[in-house]
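Worksheet for the structure shown next.
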Amino acid sequence: MSPDPVKTGLLLVGVRGSIGTTVLHGLEALRGGQAPTGLVTETPQFSNTDWADLGRFRVVGWDIGGDCHRAAEDLSRIGVLPADLLELCAGVRDRLNVSVAPGIPEPEDSNMADRASVDRLALSLPDAVQALRDDIRSWKQDEGMRRMVVVYLATAERQRKVPEEWLDESADPMELLKDAPHDLSRSVLYALAAIAEGVPFVNFTPAPGGSIPAVAGFAKRNGVPVLGNDGKTGETLIKTALAPMFRDRGLNVMAWEGYNMLGNRDGAALADPDRKAGKLANKSHVIHSILDSERVHSGVSIEFVPSLHDLKTAMDFVHFEGFLGAKMQLQFTWQASDSALAAPLVLDLARLALLAQERGEGGQLKAAASFFKDPLGVKDHDFHRQMDRLRAWVRHAAEPS
Amino acid sequence: MSPDPVKTGLLLVGVRGSIGTTVLHGLEALRGGQAPTGLVTETPQFSNTDWADLGRFRVVGWDIGGDCHRAAEDLSRIGVLPADLLELCAGVRDRLNVSVAPGIPEPEDSNMADRASVDRLALSLPDAVQALRDDIRSWKQDEGMRRMVVVYLATAERQRKVPEEWLDESADPMELLKDAPHDLSRSVLYALAAIAEGVPFVNFTPAPGGSIPAVAGFAKRNGVPVLGNDGKTGETLIKTALAPMFRDRGLNVMAWEGYNMLGNRDGAALADPDRKAGKLANKSHVIHSILDSERVHSGVSIEFVPSLHDLKTAMDFVHFEGFLGAKMQLQFTWQASDSALAAPLVLDLARLALLAQERGEGGQLKAAASFFKDPLGVKDHDFHRQMDRLRAWVRHAAEPS
Amino acid sequence: MSPDPVKTGLLLVGVRGSIGTTVLHGLEALRGGQAPTGLVTETPQFSNTDWADLGRFRVVGWDIGGDCHRAAEDLSRIGVLPADLLELCAGVRDRLNVSVAPGIPEPEDSNMADRASVDRLALSLPDAVQALRDDIRSWKQDEGMRRMVVVYLATAERQRKVPEEWLDESADPMELLKDAPHDLSRSVLYALAAIAEGVPFVNFTPAPGGSIPAVAGFAKRNGVPVLGNDGKTGETLIKTALAPMFRDRGLNVMAWEGYNMLGNRDGAALADPDRKAGKLANKSHVIHSILDSERVHSGVSIEFVPSLHDLKTAMDFVHFEGFLGAKMQLQFTWQASDSALAAPLVLDLARLALLAQERGEGGQLKAAASFFKDPLGVKDHDFHRQMDRLRAWVRHAAEPS
Amino acid sequence: MSPDPVKTGLLLVGVRGSIGTTVLHGLEALRGGQAPTGLVTETPQFSNTDWADLGRFRVVGWDIGGDCHRAAEDLSRIGVLPADLLELCAGVRDRLNVSVAPGIPEPEDSNMADRASVDRLALSLPDAVQALRDDIRSWKQDEGMRRMVVVYLATAERQRKVPEEWLDESADPMELLKDAPHDLSRSVLYALAAIAEGVPFVNFTPAPGGSIPAVAGFAKRNGVPVLGNDGKTGETLIKTALAPMFRDRGLNVMAWEGYNMLGNRDGAALADPDRKAGKLANKSHVIHSILDSERVHSGVSIEFVPSLHDLKTAMDFVHFEGFLGAKMQLQFTWQASDSALAAPLVLDLARLALLAQERGEGGQLKAAASFFKDPLGVKDHDFHRQMDRLRAWVRHAAEPS
């Protein structure tokens, strides 16, 4: 592949969190020759695609607090970041710390936010979005970035009602913003700032983002791709890879119970029932969708188990019926580092967003469905069909224009 | 769907075994209105296809021993056949018992075979095949069957060398038979008899059958479909449904260890290392094939655990590597009745074979790949791609000619 | 063992439920020569003990509704009761149906109760207890029972506050009854009736019963044994058998998460948060007790999964720390018929209660601790120490006086 | 506890292996204040015992090759040794490297041994034992050790026939040595050297050691304790903690299948069927012993899965029968660092051996049974009874004399 001289800005919301920190260090490791394990865009099926050069990615972003060094040390102690990589990247973290901009906390979280972020809470929503736009412009200028992507990695948001006037695709969200409730989803603020600046927006957490019609319409009119929602990294990935087999074999799934345990900041946040609700809705819906049946008993729970740290553990039990009513079962246990699963997908999604932008495809990018628990514009949760969709779209994009 | 007036003969090799007995009773249950759970051909995706009417299927076949009533009682006691169905079908079993023809045992199994089957062992191979052809003709005539399918359900065969001259697709197997070793795979004898009579042949057990070039060529020249090998019902099904997810996500599978336990006649037979070898080869190969890597440590074992009877239990452990070398794992346990999984697939395969024959497609039927651990003519073990292949083929077939 | 000529009345509260029905049929099966699998009192360690003869047990009892035949058919369909036993016992069920007395429902359950049981709800508490005593007397007389045991098998009760004056061991509960709240735990009513009639009382469900000081004191003063609470049949049994190993090896358990699924009437009842609370408290306490640490993260959940019926399924995850802080884990899945586990223990407990009564041991029987999740008078949940306690007590009891 | 001024030599056979290296570093960590997780002798139940002071332990020993630094780095990379501890102990490893004596390889392993160890292979057996005795004496003198323990940590030995004359307890093994086969178990050579020098001998690997009557008699006559065989660290530990519950509840275990996977040097060695045989015999025997039944189908397998390194993984399936023949099951998966489990037990056993010697108890120490898969002089494999035995013995020993 030809060298890509374009410098790309990867603008992460929650840049000092576990995923952000893993992305930061991972990019350095890839530059150092580490194998790109876990990157979809590096699998052989996409070897002919001219993806954005990860070697030219530069991480900046927003956060409402935290410390890059501390986050990295925590991830190293639990084995996600190798000790030598931690050491190697001290300077990279120093540089990042300098360039991080204050975030906009949810009102309920002001006590966890640093002073600069709390100050942003005092702004009107239009002013807050303007501040984010200013951040984007100054990073672009200061770093000489030729293109950028915003990836929303904030903690699972609390569920909030979307004001009715936002459900109109043709509405102008910048206008609506003036009268919107002050606790409007933060994902919307970042999405609007990104779109207004012509920067693709990827929503990796359970939050509305580009699923709100007024936001999606705005993106489409501006020719800016929006991707999301809610990264499909673990239990739901397995569910959407396995459930099609039950469907295709005519086996009658009676119950699919999923028990999730995790111990990181995301896990602690999910102790809040409001935040948990959004996540669980995305996780349980997929089974009914793939099996085309509301009769499946599909329970999902998430428990905060501190000792697990980043090691997300899911135990699932599938009870199904075969020929002549024979009762059968499948159980599985999945154990994997949440951050190590998510980080490479963030890079994949940035590449997809850039490719879509290059091709002039604004609005919800359906081709990215396989990456999300609640894919924008796509009702089919079958992982394999979603991958077919991705392969078809990439292949087309890869053709000489 | 229009009523199908054609009476169809389902000729099972090993008709008194667990699968054969479940097929026999299952057909009655379906006639009685039981939901067709576990039948692929009855899933909504194929609702527009004009499949052969199961209500017109009539089971006959060969066996080297056994007793239909005894087999059914055993299956009822362990919960595979409901008690009322067992009672209901007493007459059906009586009728079957009368029409069963003697089988041709492997030479090593003559002590387990009834007298009539041992007598067939004494025949030369051409005479043995002729005897099978005579059976087919007399069933056809006696029962007024307009079409037939032979399904090979014998116990896993011992691995034997295929004589070199059989590797030539253009050779005439009926000629080769005259000088073939007397312990030639029984699957070949039944396949040749079926093909010579213009009857499709389905090989559901680990045995060469239609994979031998001389047999496949003979089938092609005669315009008779052959399907196989080795039904994909349990652990391997899960493997081939899950492994594509690891591949598509760029996750590096380091080890996939599978432990199988079963307690039925098939399990007892597999205590014989020669028989086990064939089965294990089919089971472990799929992982290397899908992941396109020989470096995966892929162990497979099968243990005979008598107390499990027909309840096949598989425990698998998958060790894989994600981003930055993070170690992750997936374990699963699958528990399902071997016979209840296999029986509906036998009916599916009979329907596929008949459809292929109707369309004039002789030789190895690649569209049936998703049903087999070692599919004829197909190297791709990815279950989802195999299903795509099936859907495409059926759709085409379903079109008005 | 010498033949025991004494006819013994087994008085079950909830006699038409799953456990009661399994006990009823199980006794017939044992009379018919079925091996006494699952009975503690029949294990070799107790072979020298002169237990009450199960052949002379006669089941009667109370229920607020239900139908013996229906309950038995349900249990047969899901494989708990063999089909031939079901048929064999039709007469036994007929006879039982005649002798069942109306129960006393919880006030909230009056809509699920039959008319005679609802009538009992209208009685004052002293009158209700008197009615139960009259039942006991008339059974005794009608059946010529020389001795009796009451076993409380009602569905998990709602948690209710115990009135303060009942916490005094020397109080007279028959007096307190006059001013007690009308929704007083039903377990207390049955316990008082039994004790007043000199009949031992066993509480097998999550309910206070003999744990209330005024009840325990009454039993002690009357020389009547009381046993309970809450049968230890499944997940908690495993926990209390395994946790001592972690303690004795100095391994630091950080988290023990237990997920329970069941689909029977008990499961449906537990959908009520009040009922669930009592059950969960008993289940999670044992870990902290055995490991002598409140720091263990010990979650327990119970889900109602209808398709499982009586097949209780528990998935547990244990996260622990070894030498130098190494993280380790144990997972287990337990699947067993709830009724088949409980029924033999009911017979064991009746035998223990009778032995205690014979020896003149009134009040809480500590020797029965190994049978219960919340053992009366015993703080040690270690199953093996509880068994040591049982063995020592039985051995002593078995000695010639 | 009073400070113990006595310097204690811990003489490890295979001192540069994974367990030896973990012991070496663990002692330093304990001196540095690390919590003694995983040490039985540090649990509250033994808090009144005057154990040997671990702060005064000094590790020396034999090995046929290896490098202390390399072994430690490997263990650190897979997370068994914390990075800071690895660094801290560089000097300790340097010092150890100097004092390691050449070992005596099995004849088949001469190609894996260093030159000095190969030289020892050339010695007659009496000369080899003399060389080991000389090593012990010179360590004692050089280091000023007041007491010592030898712990045999070599890789699982090949199974070999024990010469008949060694089965006589009164025989003099030093005499027998002269005519013994040259491939006599290495565990015997080290045991004899230790006993002759009055040093207790602990056999932690699958090898005969102190189980040979002539060796045991020699130890008894010399008043030297011998402990063993084969450390009970993982799957077998769970088995012996759980099986007693099935026995005590009268549940009929029909099958207990255990699948073990590991990837360390021990795992590689077990690819050798001769070595594997000894290990498997110890592992499968315990179930028959505890359940007092030869009818249990008890399979055990060990697979070498390189990617797991030291993370021993066991998947077990238990099939059992309850009341009225109801089929039930328990599955478990155990994952733990082999070295981190074994190392603290090595320290425990050294303390037990020293306490026994202090009390003048020579010969097989039955009180140590709970630590071993094949305990010397003890037939009872019930972990809890073995712990009772230990507690009773320690309590007695702890009393004022």
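Lettered A, B, C and D in written order, each chain numbered from 1.
As a working rule, a residue touches a chain if its C-beta (ideal position, glycine included) is under 8 Å from a C-beta of that chain, and two chains touch if they have at least 3 such contacts.
Values in this document were obtained by computation on a predicted structure and should not be read as measured data.
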Contacts common to chain A and chain D (chain labels): B, C
Chain pair, A-C or B-C, that carries the greater number of C-beta contacts: A-C
Distance between chain centroids, defined by C-alpha means - chain A, chain B (Å): 44
Rounded Å distance between chain A and chain C, as computed from the means of their C-alpha atoms: 50
Between chain B and chain C, centroid-to-centroid distance (C-alpha), Å: 49
Touching two or more other chains - residues of chain D: 79, 321, 331, 333
Interface residues, chain A side, partner chain C - complex: 254-255, 257, 259, 261, 297, 299, 301, 303, 305-308, 313, 315, 317, 319, 321, 327, 331, 333
Footprint of chain D on chain C - complex, ascending: 22, 25-26, 29, 34-40, 42-45, 79-82, 85, 237-238, 241-242, 244-245, 247-252, 292, 321-337, 340-341, 343-344, 370, 383-384, 387-388
Parts of chain C lying in touch with chain B, wherever the complex brings them together: 79, 83, 333
